[in-house]
Structures are given as structure tokens and as C-alpha cells.
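Below: one structure, written as C-alpha cells.
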């Protein structure tokens, strides 16, 4: 099963809502181990995404996803802008033809290629990678997502701004992993993924 | 928060408008992209730099003949986006190619990289030099690497001179990469900067405390102590640089004392005087000195000390050469 | 008090040492007299200025080809003494005479006057121009008159250009006196400066307050209010200048936004943007703009706004001419 | 009667002690209506005076007074340096030949010429002028000096830094008048002036 333009739009708008609702929380998480702007960066981005994808003439899922990618890339800046942007762009390339597990896997590849982080570096990769695994096994659930999120807490950051803190980054959730968790919860809410 | 602003959401745009009005002879705004362009096109490789705003005069103050062709302004303390950078590249290239001078932060690196890829798709030759002079941070494969701070402006100036001489993009890239290896910086902060949108200082620090190694966005440093004399601060910072460089008495060095925004010039010159003593004690030759607010952190009080080890006198000449920009004296 | 200093009693000497080391190509120290001299003698009338320290880059930062021949540094916020000034005069005169540019404070006026008398006894031709641009203070026979503040640097620059052209001492005196009439300044302070020897801020001001018309030594202003937006501050200051000038749409004006020491450039450019709006509203022609820390008050946060009404384009050219000094860009 | 070098030296050293003792008080007075440095300015000056006049080879009162004048001029700066310097210099010109009343009158002329202040402008002139009158009448006393000092309080400053305060300068003693009062009390203590 592949996603329609409509499903993709619903998914991204749901994600957008979750970001707005948690803007302050995301910034607070980033204040602890970064520079405190992840909430405002993401919120600036999804506001632009909303505007870009409302256009009803976008017919294919890939059209919607590409618009979202460009909005993130051109409005967020910082580290998360290019990362979400690259993820969405790689997803756009396959979304019309591949099942959702392959789509998210393509996004993960985009993130890894752009940011050069691996699993356990305490980045959004630590959310995307377990989600890809779970999707492949047909067992993605809110619990699995929450579990992945919680697992970023004990990690020591090796990439991004949090890595300057070294040991002091331990004991905090990774903000980018948390914002990504909203993307996947939104997916669960809008699409039947484990078919 | 006491600031002379109107709305924390529009500080960057209003600043750019004021800046381009003040320096209308030298620069102009690339509308809609928060890019400050040199008014007169260069007939050589175009150097471009930028980053989050809040570091003024970096980077827009260094746009002009002999330094940058364009500066890209992100949100306060946030990297600009690839489309902004791409527009700056397109507007600056005169067929000789474009060199991006990027401070080493994850966000900046990725956004500039994306812009480079986009520009290459439009057949513009683009190279980049990554500046990572802040030795406060450990450089290892387990971190994002050292940060780019005040040493960046020396890279602008030296490569700016080389570009004006007509050196090729490849040559500038090679020289730039080598140059960065010989520029190291370390700072001390007395107070934290307040980002307008946040409205409160980025970190808490006592009325009698200072912190060594703080980054220009308030990234935590390596040691916090009760405030010391200028001479003791100079001793600490020079000793850190001394470890990082293994100083050589046969080499010439240059020194940049950079005010972080709220520290008076008087204190910067006093600090320089103490740094000089420390370097004299090691019998080093200081062949170039620069003092002032070049890479600031909004209203942070403190200074950074940058040392450059010169390989040739050509580099000293490049620093001393007259340029026509808003902020390089 | 958090400052990068060693000993509050030696700040001026250490600063001068650091300064002369940093700018050894351009200036040198006149030992024992806290005088910063231009290294290469001028072959025309020598302009000399100075005053209390703590206003850096004024005045030493403006020593060099095209501006001052010497700057005299007093204790922090205290006029220098006649013997210091006399030595500066003697060391700078090349037979063309010396013009003293003095800010209008009782102490400065008397010390420079005494030095002038002493120099005349040694047959050196000396004239002086008194700068009193601060319109925050009433000018009447019942006060010491208006104070000299940031407008002073415009006098240095314009008369510096004229001196370099070879104008005579008498001509410079006449033009200087006329020029001062057309330069007016008014400021707003957000915080007070801390003199090192005193160790605490010169006045108390709330965390949400600002004061219009504060002097560069913390002299009380004319109105204290809750902090306003940049646009509102611009409106207030421009309205004061408007009263003082009776603006004329057929004249050209110049604007100097001067940071008082701790205010970031970002805010200064935002403020300029608002000042421009106000002047545009009055349909005035702004033919020259300058922004930055030129006449500071140690670590005071705030800005001053100086307007000059040009009589001829020659004055604009004089401001734009390239000079070779440590701090004029 | 004219002063000897020895008397002049004793007078100035006594003055110097009083300045040191009241350094903080003078600065506090200046903080109220000026810039708070009158104590440190004067103390810097009299320290230099002490060093300059200890030279035992100075034979005439005028030699001592001239040295003191130069020390004040070259060490104080600000407003009080040239004022005390001018006063002492004018006094040096007549001190070998004139009685003390004429000497102080010469000093007052020096101050008025240099600072262009008149009586009631709330400056040190308001101490020197009544002292000259009292000396001429042979009735200088500590009481007269204290009286003159107190009379500066209700005045509105028209010269010097205090004049920026306008009405707000009313109700405070003038710091320069107070430092000058020490000069005249020292004179009373060291020399028989009302002979």
C-alpha cells in the first residue's frame, strides 16, 4: 500500500498540530542540552509546511511531501531544518511507489547522509531507526515510539550542539528525537501502517 | 530584558534595513533573503559567509572590496537556510566560482552544504572552508568538533586579500583549509547574552563569577571561577593556546582580542597588554595585533583571544591591506 | 563590579600601553604624559583632543593621518592636566600651529586653556574649538553650558580633512566654531557606567527603566520612563533635535548613531532604522550616516543620536574621506 | 607681616592632612551634585604638593607656593586642579611682599579669572570671598569659615558640573568650598593672621 496525497497531507497537518502544541516543551528540552530553540525552529517550519501543502492541486503524495521538504529546508535553519528537509526529500522520491516502511527508511537514510550520525549518537536517528525496524516487522505502536524516545535519555550526545556537553548530555531526552516522535504518532493516527 | 528593539520577531530584518541604509555606498540588500551583498560585483572568486545573527559586525560588516562578496543572516543564533545561501551564491558569482566560509556548527555545516549542492546543480563552482578555531571544545570523532568563533574574521580578511589578487577557487580552498589549522581561539565570559525572543540570559552566572571557554551562543565553557584579574585571565587563556599550538620562537604570530559585545574597549586594551606580557615571557614574536568587537555574542561581556601562527609574511600583508567594508578598520 | 582589569588605579596606563602596542604602526606613547601621538608628524596644523578616559575609542582611536595629531588621556572621567596637554602640543607642532578640540566641561575648558597659555609663552600658535553638542542641557549664562559628547568625533573628522588640505590655523578655528553650531546630540541610557575606582554604577536605574538625556559621565538626564520601543525612543530624540534645529527640507543632514559602550551593534542598526523613519516623515535629506561605538561611557548601555546640518558638500566629503587611524572605519 | 617659607610649608602640610582625612567626605559631597571625585582629585593633588615642598632648599615663601601650585596643576585635573593651581600661582606672585589678606585676595582673583564664577554661583569662590573680607577686617575665625561654608548650601549652582542639576543643586554644600575651608582653617592653625 502506498500513501495518497490526501493521507500525506493529513499526516503532516497532524504532525504540525503536535509541534505547535509542544513548542515550549521542545524548546525547554533543547535549553537543557542545546540552545533552546528547537521548539521555535520546528514551529516556524511546520507553519510553512501547512501553507505549502494546503494547495489542493497537489495530486501525488510526492508533490505534497516535496513541498513540505522545501518548506522545512527554507524556514527552519539550524540543524533540524536540513535534517527534516533531507528526510522529507528522500521520502518524496519513493512515497508514490513504496510501502511506508520503505518510505521512512528512505527518510532515515537522508538524515544519516546529511548529519552523519549513527544510532546511539543521541539524535533524531535514535527515533527514526527503531521506527523503521518496527514498521518492517509490522509492529509500530505508540508504545514502541515512546520506548524509543525514552531510550535517548541515558545516551551521551556525539553529534550536534549537545555533544559540546559531553557527559553532561546524559540524562536528558534528545529534542529532535522527541519532535520526530510526533511525526510517527501522527502517522499512526492518520494511516493504517501495520497492514 | 532591556534592549533597543521593537519586536523580538523582526530584529533581523530591521537590523538589515538599518545596516543597508547606513552603508548604502558599500552594500545592498537582496530583498526577501536576508542577504547583504556587495554593491559592486567582484571580478574574482566571491567569498561568502554568514550564520546566525547576533554576532555583529560579523558577518555583514565585512562585506566589501577585499573581503566578502555577501553575508547571509540567519535568525538570532540560528544558521541561515540553504535557499538564502543559494541566492547569495547566485547573486555573487561572476563566473570565477564561490568560496563559502562556514563556522563549524552542525546547523551551519548542513545548511551551507545543501546550498552548495543546489548551486552545483545550477553549474556554479562552489567550495567551502570550515572554520573550527575554538579550542575550548575537544575535537574528536565523538563530538561535533570544535566551534567556529572569532578566528573566522581573520580567514575572511586573509582569503579576501588572496581572492582580490585573483587566486583561483581551488587555490583559495587549499590555502583556506591550511590557514584554519593555524588559527586558534579561546574566550572568557563575564555575563550571558540575552536572545530577544527568549527574553532572559542564556545561562546564569554569579555577580562575581566568570567562565572560561564559553561559546558565542552561550555554549557552556570548561571552567567557572570567581572573577580574576586581567593578568590571570591572560595567563589562563595563553596557557591553553600554548598547549594547543606548541609555540615556536622562530615563527611569527598574530593576536586578535575580540570583545564579545558589552565589554568596553578600555578593558580589551588592558587585556591585550597582559596577553602581550604572557607571550613576551615565552619570547614569541607578535607581528600583527587587532583589538575590538568583531565576532560578538549580542550583549555578552567578555573577550576572546585568537592567535594565528603565520606561515608567510604574505599572510601578515593580507591582514594589513586596506579594504573597503563597513566594519574592518 | 565585573571588569577585565588589574588595578583600578592603573587602568589608564595599562590601556595606553595596550593601545600603543596594538597600533604601533600608527601611534606612539609620549612617555610619562599619557599622551598618544601620531607616529608620523603632520606637515600642517596639528589637531589635538582629549579628555577624561573611559570614552574609548575617543580620543586616541582617532589619532592618525587625516584626523588628530595627538590625544591626551586624563584619569577616568576626569580632564587631563595642562602639563600633559602642553607636552602634546609641543610634540605635535610642526610650525603650523595647533588646534585644540575641547569638549565643553568646566574642567576640560580650564585645563586646556592653561595649556594654551603655557604654549603661547613658548611661542607656539594655539587656537581652540569648544564642542557643546549635547542639547539635553540648557544653554544659558546660568549654567556651565551644553556638554560636549559624540558630535566631537565629527568635528575631529571634518577639521582633520581640512587640516590635511593645508588650511591655516585661523581658518580651521573659524570653520570649527561655525561647524559646532550645526552639530547637536541627544542620548538615552539604559544602564549606568561603573568607574573602576568607584566600583559601583554611577546612578541607580530600574530593570525596566531608561533615562533620556544622560551625559557621558552619567550626568542626570531630563526624563526617566519605563523602557520603550526603539521607534518610540527615536521619536522622542528626533523631536528634541527637531526643536533645537528647526529642520529645513532644503538642507542636507548627517546622522551619527553612537553606542555608549554595552549596546550591541544590532540594536544600534535597529535604532538607526527608526531614526530614518522619523527623519523621512519630516522629508529630510540624510546625506551621511555613521553607526558604532565612537564616544562611549565605559559599560553604559544606550545610544546617542547626533545630527549635523551640512552647509556644504565639502563637509560630507570630509566625513567620507579615507583616514589612517585605529578606530575610524 | 609676610609669611616665611617655613610658615607656608607648615600651612600647606596642615591643609594636606585635612584633605586626606576628609577624602571620602569630599567625594561624597561631590557625588550628590557632581561626579563624586573631588576627594580623590584633591588627595592626589596634595600628595604631590607634599612631595614638592619638602625640599628644604626652597628659601622663599613664593618658592614653596609656586611648587605647590605646579603640583596641583599637574596632578589634579578636572575643575579643581586649574582653580587651586591658579589661586596658588597668583598667591606665589605676591606672598613674599604682601600681607596675608592681600595674598588670599590675589588667590581669589586667580580663581575668578580662571573659572569666571562670581559670588553666589555656589563654587569655592563663596568660600574665598568671605575669607578675604574677614582677613581685611582682621576677624577671620573658624566660625566665620564654617559660616561661609554653610552658606553655600541654599545656593543654586551656576558654574561647574553641579550647574547641570539646576534647582536640584540646592540644599547641598559645595565640595570645592568645603575643601577650601580646610585651607583656611589650616592657615588659622599655623599662622597668626589677625595681627
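Letters A, B, C and D mark the chains as written, and numbering starts fresh at 1 in each.
Here is the rule we use: a residue touches a chain if its C-beta (ideal position, glycine included) is under 8 Å from a C-beta of that chain, and two chains touch if they have at least 3 such contacts.
Protein identities per chain, from UniProt: A, D = phosphoenolpyruvate--glycerone phosphotransferase; B, C = Dihydroxyacetone kinase DhaK subunit.
All values derive from a computational prediction rather than experimental measurement.
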Q) Where the centres are mean C-alpha positions, what is the separation of subunit B from subunit D, in Å? A) 55
Q | subunit A and subunit D: spacing of chain centres that average the CA atoms, whole Å | A | 79
Q) How far is the middle of subunit C from the middle of subunit D, if each middle is the mean of its Cα atoms, in Å? A) 32
**Q.** CA centroid of subunit B to CA centroid of subunit C, Å
**A.** 29
Q: Mind pulling the residue numbers of subunit C that touch at least two other chains?
A: none
**Q.** Residue numbers of subunit D (touch at least two other chains)
**A.** none
**Q.** Chain-level touch network, classified as line, ring, star, complete or other
**A.** line
Q | Chain-chain contacts as defined at top | A | A-B, B-C, C-D
Q. What residues of subunit B sit close enough to touch subunit A in their complex?
A. 52, 74-75, 77-84, 105-107, 110-111, 113-114, 137-138, 141-144, 147, 197-198, 202, 215, 217-220
(Q) With touch defined as at the start, can you tell me which subunit C residues reach subunit B in the complex? (A) 2-7, 11, 14-19, 21-25, 53-54, 56-57, 61, 190-191, 207-208, 210, 227, 229-231, 233, 257, 261-274, 276, 289-293, 296, 298-299, 301-303, 320, 322, 325-329
**Q.** Residue ranges of subunit D in contact with subunit C within the complex
**A.** 35-37, 40-41, 73-83, 85-86, 114-115, 158-161, 163-166, 168
